[in-house]
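When the chains are written out, they are named A, B, C and D in that same order, and each has its own residue count from 1.
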Amino acid sequence: MKPLDENGMAARLAQDIPDGAYVNLGIGLPNRVAHFVPAGREVMYHTENGLLGVGPVPRTEQEDPELINASKKLVTMVPGASLFDHTLSFAMMRGNHLSIAVLGAYQVAENGDLANWATLEQNFPPAVGGAMDLVAGVPQIYALMRHNSRDGAPKVLKRCTYPLTGAGVLTRVYTDLCVLEVTPEGFKLIDLAEGNSLEEVQAVTEARILT
Amino acid sequence: MIDKRVSDLATAVAPIFDGAVIMVGGFGTSGIPFGLLAALLDHGTRDLTIIANNAGTGEDALALLLRENRVSRVICSYPRSPGSVWFEKRYEEGLIELEVVPQGTLAERIRAAGSGIGGFFTPTAYGTLLAEGKETRVIDGVGYVFEKPLPADFALIRAEQADRWGNLRYHATARNFNPVMAMAAKHTIAEVRILADEPLEPESVITPGIFVNSVVEFGVRP
Amino acid sequence: MKPLDENGMAARLAQDIPDGAYVNLGIGLPNRVAHFVPAGREVMYHTENGLLGVGPVPRTEQEDPELINASKKLVTMVPGASLFDHTLSFAMMRGNHLSIAVLGAYQVAENGDLANWATLEQNFPPAVGGAMDLVAGVPQIYALMRHNSRDGAPKVLKRCTYPLTGAGVLTRVYTDLCVLEVTPEGFKLIDLAEGNSLEEVQAVTEARILT
Amino acid sequence: MIDKRVSDLATAVAPIFDGAVIMVGGFGTSGIPFGLLAALLDHGTRDLTIIANNAGTGEDALALLLRENRVSRVICSYPRSPGSVWFEKRYEEGLIELEVVPQGTLAERIRAAGSGIGGFFTPTAYGTLLAEGKETRVIDGVGYVFEKPLPADFALIRAEQADRWGNLRYHATARNFNPVMAMAAKHTIAEVRILADEPLEPESVITPGIFVNSVVEFGVRP
């Protein structure tokens, strides 16, 4: 097995963002996608905390402590960027104005269900953030996640066991091992990370991968 | 004459009472009124309800209110974040009642309170645990959850610049929840980096002074 | 009978606007109140079309064709003014942020009812504007109007005959003959325009005027 | 590359079809897209629904659409104003269906459409003729009317300045309905006085370009 590292995963997903798209990037690994816009394309990355047009990580002299992304990391702005408050930011999401949202996930399922906000642990306070707003209003939802958890537990499932963020909302799943499309029949393979075979990936996946 | 300037943070938070419902602006470390929160800690009021996006990090002023057991209830979208140690500890001890609200629903409920809207239907959270027990309705084939306005007694907000009329401008992503919270509280207190002698340019005002009760200069940028 | 002229009516009402108040001025005669702020007071006049801080009529060299009030007349801005869109403008009204609204009226009644948007004429298209938003959200509603219509028909009534803008919403009525407060018992006289007696005014008023 | 600039008014309105629902920004004579309306008249489409605050004055471009019988339905708050001669004539002839909506409810219904809100309760018009036949609800002792989102196929708006990304700024009270309408239509066309070569300053943007499909320069100020 040759899993992609985090930059590899973000770069792979960025290849599928078309020119001119408006794309929300969620907290954690999804925020890293902003670093990898393929040459010749212009993409407007949206962060829920009020910026459309997220640019790369600042050089030291560019750093502004009040210019951050959803992961609370320092960012820059690209030409054509705009700043706004939370009500307008979430109107963009819920009102169907964005093209794609990229979200982290605890679990994804072959019926398109996404679980990324709460586990079943007692005393572990849930934190939903903007995920439910995104799945309610953005037509294309891409999960970006490790294929399995660190202890080997499967995350690409037949059915989610954690509380759902949204039912049947996923369009695609990008992991360190492969890219899957969610179809009415289940997960369909788009491609494999270099150096991995379908048999190897299927062996560590609970859900059936169709080809 | 309209003059909303107050001389110091302690004077600004003096009206806050035990049991008050308090909105706190900011997202992450951006746009949080750290000066006002520190003054609120000194002020000593208890049994507070805090409405905010996050629930404090490390030993920041919001976390300290939790550490000192001043907060009995938190309404927020993302309480658990790296470093939210005091929130997690008090929550595990059962000392804090938590209401988790999706971030856009939180902003929209606050806006409804400030705009005289009695409630609204949102598609967010339909069919999830967070919609359990709530009124739902299917409109033109889409499922919606009914949400009520969320008002407050006080809003503590942070802005870049103010004038004596209470008009406010923000900086970068420090805008976030601050303008909408300013509209929704009975008494809104703004901590600002620069308190200008001249009026702000009317086109550049984000929060008109009508929504603001007092402004106090606190020149630090986090 | 010595009725006030329009400027006299506007100036009389302006005397009752306290220092520091936020006051919406409706279309027509109410817009004229902005010209009469008593010395030593600072008042922020609000116009529904997106300006808080309406100033006096511009001198020719100050005229800006895109700076107008609800009556579509050119205005100026006072220091501390702010500009905004319609959603924020009406949030100020409906959300209980303004102190007073001054509205024109077709009819007012002793139970506080206000009718200022539609008559009973056939083929006369109604026009409601922002009046119903104001009466829903502004605590003090002042009507500013001629005491009787040009043909002598009474407008200060026991009950309105036109469709209501709002039921029981009026606080005060300012006419060219007198100022009335709306109380649970009915209209109570605050004062008379100079040179008029209560008997004269009562004689041309349908409603009973209490003292 | 994102470039929303189009070369002329006729190209900008070319996508508009017979029977379209069209929002038109402006209040009085301020912020009305007169250039786009004149191009729409030339474009020749019929059976239009117009959503606007007013219904044209004198022989202005909106009045001419009414005179030429291109409009079958008007949704607006204040159709009758001094000089609204063609609206009144066509209305009296029974050629126009009219829906009168309180001004704040009009703005809020448009905002709901642009924000993914399925409907809301407003206190405006409760107990009046304009609430007849509508769902009502008493919440915490206050009466409210249920109002639905109001979307459109097209929004024709007017702004002061744009860049190639479609970001917009407005001038003075010409802002009015323009920003909220820009959010609520499937296809938003902005006529602007100045089409800038440089991007607008991010803090100064009122309408982010995500809401705008095309921008066209029309340098006249009314």
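Please note the rule applied: a contact is a pair of C-beta atoms (placed from the backbone, for glycine too) under 8 Å apart; a residue touches a chain by one contact, two chains touch by 3 or more.
Since this is a predicted model, take the numbers as computed values, not measurements.
A.B. asks: For subunit B and subunit C, which third chains touch each of them?
C.D. replies: Correct list: D.
A.B. asks: So which has more C-beta pairs touching, A-B or A-D?
C.D. replies: Of the two interfaces, A-D and A-B, more C-beta pairs touch across A-B.
A.B. asks: If you average the CA coordinates per chain, which chain's centre is most distant from that of subunit C?
C.D. replies: A
A.B. asks: Distance-wise, how many Å sit between the C-alpha centres of subunit B and subunit D, to the nearest whole number?
C.D. replies: From the centre of subunit B to the centre of subunit D is 33 Å.
A.B. asks: Could you please state the distance in Å, as a whole number, between where the Cα atoms of subunit A are centred and where those of subunit D are centred?
C.D. replies: Comparing mean C-alpha positions, subunit D is 35 Å from subunit A.
A.B. asks: Using mean CA coordinates as chain centres, what's the subunit A-subunit C distance in Å?
C.D. replies: The separation of the two C-alpha centroids amounts to 54 Å.
A.B. asks: With centres defined as the mean C-alpha position, give me the subunit A-subunit B separation in Å.
C.D. replies: 28
A.B. asks: Could you list which residues of subunit D touch at least two other chains?
C.D. replies: 108, 111, 115-117, 122-123, 171-172, 203
A.B. asks: Among the residues of subunit A, which are close enough to touch at least two other chains?
C.D. replies: 51, 83-84, 87, 90, 93-94, 136-137
A.B. asks: In graph terms, nodes being chains and edges touches, is this line, ring, star, complete or other?
C.D. replies: Per interface graph, the chains form some other shape.
A.B. asks: What are all the chain pairs that meet the touch criterion?
C.D. replies: A-B, A-D, B-C, B-D, C-D
A.B. asks: Contact residues on subunit B for subunit A in the complex?
C.D. replies: Residue positions touching the partner: 27-31, 77-81, 87-88, 91-92, 98, 100-105, 107-108, 111, 122-130, 171-180, 206, 221-222.
A.B. asks: Subunit B touches which residues of subunit A in the complex?
C.D. replies: Residues in contact with subunit B: 47-51, 64-68, 72, 83-87, 89-90, 93-94, 118, 123-133, 136-137, 163-167.
A.B. asks: Can you tell me which positions in subunit C touch subunit B when the two form their complex?
C.D. replies: Subunit C reaches subunit B through residues 19-20, 22, 42, 44, 46, 51-53, 77, 79-84, 87-88, 90-98, 136-137.
A.B. asks: Spell out the part of subunit D that touches subunit B in their complex, as residue ranges.
C.D. replies: The touching residues are 108, 112, 115-123, 137, 139, 142, 144, 148, 169-172, 203-204.
A.B. asks: Can you list the residues on subunit B that touch subunit C in the complex?
C.D. replies: Listed in rising order, the residues are 1-2, 111, 113-117, 163-165, 167, 183, 199-200, 202-203, 205, 208-211.
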